[in-house]
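Common to both upcoming complexes is chain A, partnered first by chain B, then by chain C.
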Partner chain A sequence: MAYRIQRLPSSTPLIAFAARVIAVVLALLVTALILVITGHNPFELAGEVLSSSLFDSFGLQDLGVIFMPLMLTGLSVAIGQQIGAWNIGAEGQFYAGAFAATAIGLFIPAPDWLSLILMGVGGFAAGAIWILVPTLAKAYADVSELISTLLLNFVAALLVYYVATGPWHDRMTNSATPKVAAEIPEFWGAIHWGFPIAILIAIVLALVLSNTKWGYEVRLSGSNPSAAKYAGIPVRRHLIMVMLLSGAIAGFAGMLEVAGTVHRLQGGISNNYGYIGIMVAVLARGSLIGVIFTGAFMAFIQNSGIILQTQGLTTSAVLAMTGLILFLTAIGEELSYYRITRDKV
Partner chain B sequence: MDLITGLLTTAFLAGGVLALAAIGEVLAERVGVVNLGVEGLMAMGALTGIAAVTATHSPVLGFLAALAVGAIFGAVFAFATVMIKANQVLCGLALTLMGTGLAQTIGRSYSGMPAVATFEPISIPLLSDIPILGKAFFSQNILIYLIYLILPIGLSYLMFYTRHGMNMRAVGENPAAADAAGISVNTIRFCYVTAGAALAGGAGGYLTLAFVPSWSDGVIAGRGWIAVALVIFAGYRPGMAALSGLLFGLITALGFVGQARGWPVAPAFLSMLPYLGTLGFIIVPVIAWQKMRRAMAAPAALGEPYYRNVR
Partner chain C sequence: MIDIRNLSRRGFLNMTAAGGAAALMSGTLARQAFAAPLAAVKEEDAIIGFGHVGPVTDEGWTWAHHQGVLAVKEKYPKLKKILEVENVPYSADATRTYRQFVSEGANMIFDTSSTGDFLHDVVKRSPKVAFMECDGRTDMPNLGWYYLAHWYPTYVIGVAAGMMSKTGKLGYVASFPVPSVFSGTNAFLMGARSVNPKATLQTIVINSWFDPQAAAQAGTALIDNGCDFLFGIMDEAAYLQVAEKRGVWAAMWNTDIRRYGPNSYVSSVVIDFKDFYVDQVGQRLAGKWSPSQTILAMGKGVDRDKWGEKVPAEVAKAADAVRDKILGGWSPFTGEIKDAKGNVKVPAGKTMSEVELYHWDWSIEGVSGLSA
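Up next, the complex of A and B:
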């Protein structure tokens, strides 16, 4: 009897899930190993992370605060993936949304409830505007959205840094704008109503994609564009809509961060959320409901980094670990297509 | 006159970073592999350059160490994308996150410290007396000649005038045909992706040893991504990659001059120029130069893993 390794055209969700779990565990092991080499005690650190995040009500609140933007940027990337577009620019759209929300909050006098609605709309619109040029370039000139969306991240970061330290800066701090008057009310500690809204957006979009004609056409355009075009589906129009939606959601995440969590605009407000959102979407394998869970997981990883800062570790170390998880996940995803089969003689 | 000389001098110096990284990316993309990890490779190279020069006081050793670290990370990336055939976009992004994160974590102890020794400018006798160009090009550090003369000319010759170069391009255009002709697709891909990554690491080393001369968290500032974009603009040619690096050096230099002369534009907006410029340079040619499209087109198998037994 002979065994053969064979690559199948598709892999099952169960095996793909297992591959991701293994990738994450391996990445954690490598990290633990590096911690041991650099003279830390990984068990002690893990104990500290668990006790001060999952088994502590303030810790859980911190987790929730990081979860909101991460889940939404992950959702933004995952939506783009439905039609085969990589939105690497969620970071920039996040900044743009935060920028627009702050502008509305600071300069348009309105009662709080109206101000919040305007900020929300502004966040959506700014995110969509920020991805407009890459979207049109991809739709009409076939310019890869990978680099065009990414380049605008740097522009957005510079713009926010400039207004936060320059024309809009607060006389007291000099590094951030004054406080925005309207705040999203909180319902549990630091967790505000943006939390359920974010989850609701994910669920509604998942339902729309799986249950409507539009959703079906989008998914078909993503998996086989030429077949979709042949079937008379307006692939280009769907691509433009989906990419703008992707940008809008990342922009909304930026608005929530300003109106609900930070309450002012400052340089670096995005905290790499846009880049880690890619990780959230990849772990979820493009599933919009899955993003809720992988978003929670990545929020936990991110929060661990913040807790461990007292131990001399940095958020950059967490970024490196995120990269390692992504790397191993990509390898695991490919390997999940392989089966060992037995030849029948 | 002094303004033009100054502009060109800075342009050659600043453009060297982009040119070197872009030439490296040309090598990887010509054999069919998109490496989006350039940003991370440059971060690791930049940090390695500073660390090695601090230890040895020799910028040459620092640059070689940066090349080596780029090659090591590149080999890991090539193993994943060429041997295992994992998704190139994901592995590239992962490499960027890993390299940037790792460099920032290790680099904290080097932050803000100037390089103890750098590549000093050397005036070449006679040639440096040429008006404008003499000062701007022939009075630079030695890496400039490697980046703008030796690598582009040598690699262009290798790629377009030798049998090996033809094999190499065949692997990027049609790996199945290349395989049938007896060329080892995986070996060629692995070697050139690794070599390209080494140059990206070297570009980081150049940044901290000849251009900025110090390490800080955001020192790469998206230059890796600009380099990836320049490859498209350069039509996947090493010579054009060096020239477009120079063009972007010129844009950067304009920003510096603007800041120094107190143009009524906030520095933040001048800093946006390279990113917006790059965006323009990858969109405009597609629309404007329809006729050039074929000559400047990407290798046909770019981004696609090659499975021998499929189809």
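Up next, the complex of A and C:
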């Protein structure tokens, strides 16, 4: 009797899901082990994390506040994946959206409601503009969007840092712009109306992708571009549109962060949401509805970081945990394509 | 300790930059506060939180506040918990950290480096928690602020600088154009000019409280421009090391860090929050806490450091004489004082109040490099 390892052309959703769960559990176990080695009690810490995030109204609000931008950047990456484009630049588009929203909020006098609408449109537009060059480069010259979108992140981050500490800086608070007057109203504690809007965007996009001809063509272009081309589908046009949409969503996340949560533009406002969004999308396996759940999960992990800090751990511990989850998920993802069979002799 | 709580609200508010409507509002809020203080907490049940801007190992600002935390721990060993978070950024992460303190049941929270509205957002939503903001400028029913009268020891160090500088050109490594920097640069130059009326002060703003590389570059540039006495408001020692290498004098902030430049070290604005923190926590436990505005006086929380090894004895003596005079009640910040454009800002004979000094936001004549 011999065992054989077989690679399958695709993994089943159940196995893929199981692989992710195992990866997350393993990551948590490794973290717990490290905590024990460094002299902490992981059960006590876990209890503190659970009680002050899930069983506390402030904690739940914090989850929501982190969830909104994370889910949207995750959605931004996931929508790009539909057509086979990796938008690593959600971070930069987030900054661009925040930048545009702040510019509109600070310098265009308008009543609050109008200002918020303009900021929202500005956020969408700025995100799309920020991904425009990588999009055209990919569509017409086949330049890898992985590199071009990534590099523009640094440009956006430095641009925001420059205006926030330079020309737009606030005298009293020194490292940020003055407060943007128009604020998205809150409906439960710190949770503002961006929350339902963000979820609505995910649901609408998921429905459009699964129920329209356009959605079908996009998915086909993503899974098999040459077949799609052969079938007469305008792959390039779809690619351009989907990538711009991906950028626009990340830009909108940046606008929500300014208008709903931070109310100022400052360096580091993205909080790595753009990068963590990649993980949200990977964990969701590119499912736009799945992003809502994995976004919530990653928000929980990020929020745990703050809780653990008050318990005397450093931020790097949480960063390491996030990295572990991604690392193990990537392994699990690959392994889920294999099965072990027993040869019949 | 000057507790300016007893100043009349009207008088206090007139001195602040706050506009009429805002003043009226914060006035109303403050009355509520005094009407209903927070209930007493048993030591065993009390949780106190501290959020710091840097690491407690910075040998500067955060280290000094951490000494205060240790003092609280020593005085109240039975406290249920002390929460302490380092590197709280000036961003929405500050809001998250302070919300987390509240979630964990903190009774009192200190923000040791003003995070402004990122903190106030939490204050508003947590009426049962006492908040204190260092270098804050906002009053709320459960939020007070505290700072230190660093302008006096700075003036004393300025006197030494005026005597020791040969070129009369002084340099200042600044963080941001904020009131602490305006009062620091102005007091420093006024002290120097009291002995050398021709002295000038050149300032370089590096947009950070902790950026050794930028501070070293700024220090080098100032020395290249002819400055032979450096001062600044940094949480680390980089420009002292530059001064040591280039053979010019330097004075520092926060703590005694002379070992980074023993030959150049003149003195430091040393800070000490131990008594203040112990007192505040005690008030909160006893149910007597109400939001106060406190500026720790020279000798009671802020002072000049023991003079550097190479400081000539007659300089130390002359500067200390000025220090004694200030401790005796004399204020060097008495008119006439002109701003950089030559406008008389403080008329002859008038003395600036502590609150005016705290809110100082214009440069005196002779200070360059700070955009007001």
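Structural remarks
The rule is simple: the second predicted complex is superposed on the first by the 335 of 345 C-alpha atoms of A that agree within 3 Å, B and C clash if a C-alpha of one lies under 4 Å from a C-alpha of the other, contacts with A are read in each partner's own complex, and residues count from 1 in each chain.
The criterion applied here is as follows: a contact is a pair of C-beta atoms (placed from the backbone, for glycine too) under 8 Å apart; a residue touches a chain by one contact, two chains touch by 3 or more.
Quick caveat, the model's predicted, so the values are computed rather than measured.
When both complexes are superposed on chain A, chain B and chain C fit side by side without a clash. Taking the Cα centre of chain A as vertex, the centres of chain B and chain C in the superposed model span 80°, given to the nearest 10.
By the touch criterion stated above, A:S175 is placed in contact with chain C alone, chain B being left untouched.
By the document's definition of touching, of the two partners only chain C reaches A:A190; chain B does not.
With both structures placed on the common chain, the touch criterion links A:T261 to chain C but leaves chain B unconnected.
With both structures placed on the common chain, the touch criterion links A:I307 to chain C but leaves chain B unconnected.
Between chain B and chain C, B contacts the larger number of chain A residues. When the two complexes are overlaid on their common chain A, residue A:S148 makes contact with chain B while staying clear of chain C. Of the two partner chains placed by superposition, only chain B is touched by A:E334; chain C is not. Between chain B and chain C, the minimal CA-CA distance in the chain A superposition rounds to 7 Å. Once the two complexes are overlaid on chain A, none of the chain A residues touched by chain B in the first is touched by chain C in the second. Residues 7, 86, 88, 133, 137, 141-144, 146-148, 150-155, 158-159, 161-162, 166, 275, 278, 282, 313-314, 316-324, 326-327, 329-331, 333-335 of chain A touch chain B in their complex.
Residue ranges of chain B in contact with chain A, taken from their complex: 36, 40, 80, 84-87, 89-91, 93-102, 104-105, 108, 217, 221-222, 225-226, 228-229, 232, 266, 268-269, 271-272, 275-276, 278-279, 282-283, 286-287, 307, 309-310.
Residues 48, 52-53, 56, 58-59, 61-62, 65-66, 165, 171-176, 179, 189-190, 257, 261-263, 266, 268-269, 271, 303, 306-307, 309-310, 312, 315 of chain A touch chain C in their complex. Residue ranges of chain C in contact with chain A, taken from their complex: 49, 83-85, 87, 89-93, 95-97, 99-104, 116-117, 121, 125, 137, 175-178, 207, 361.
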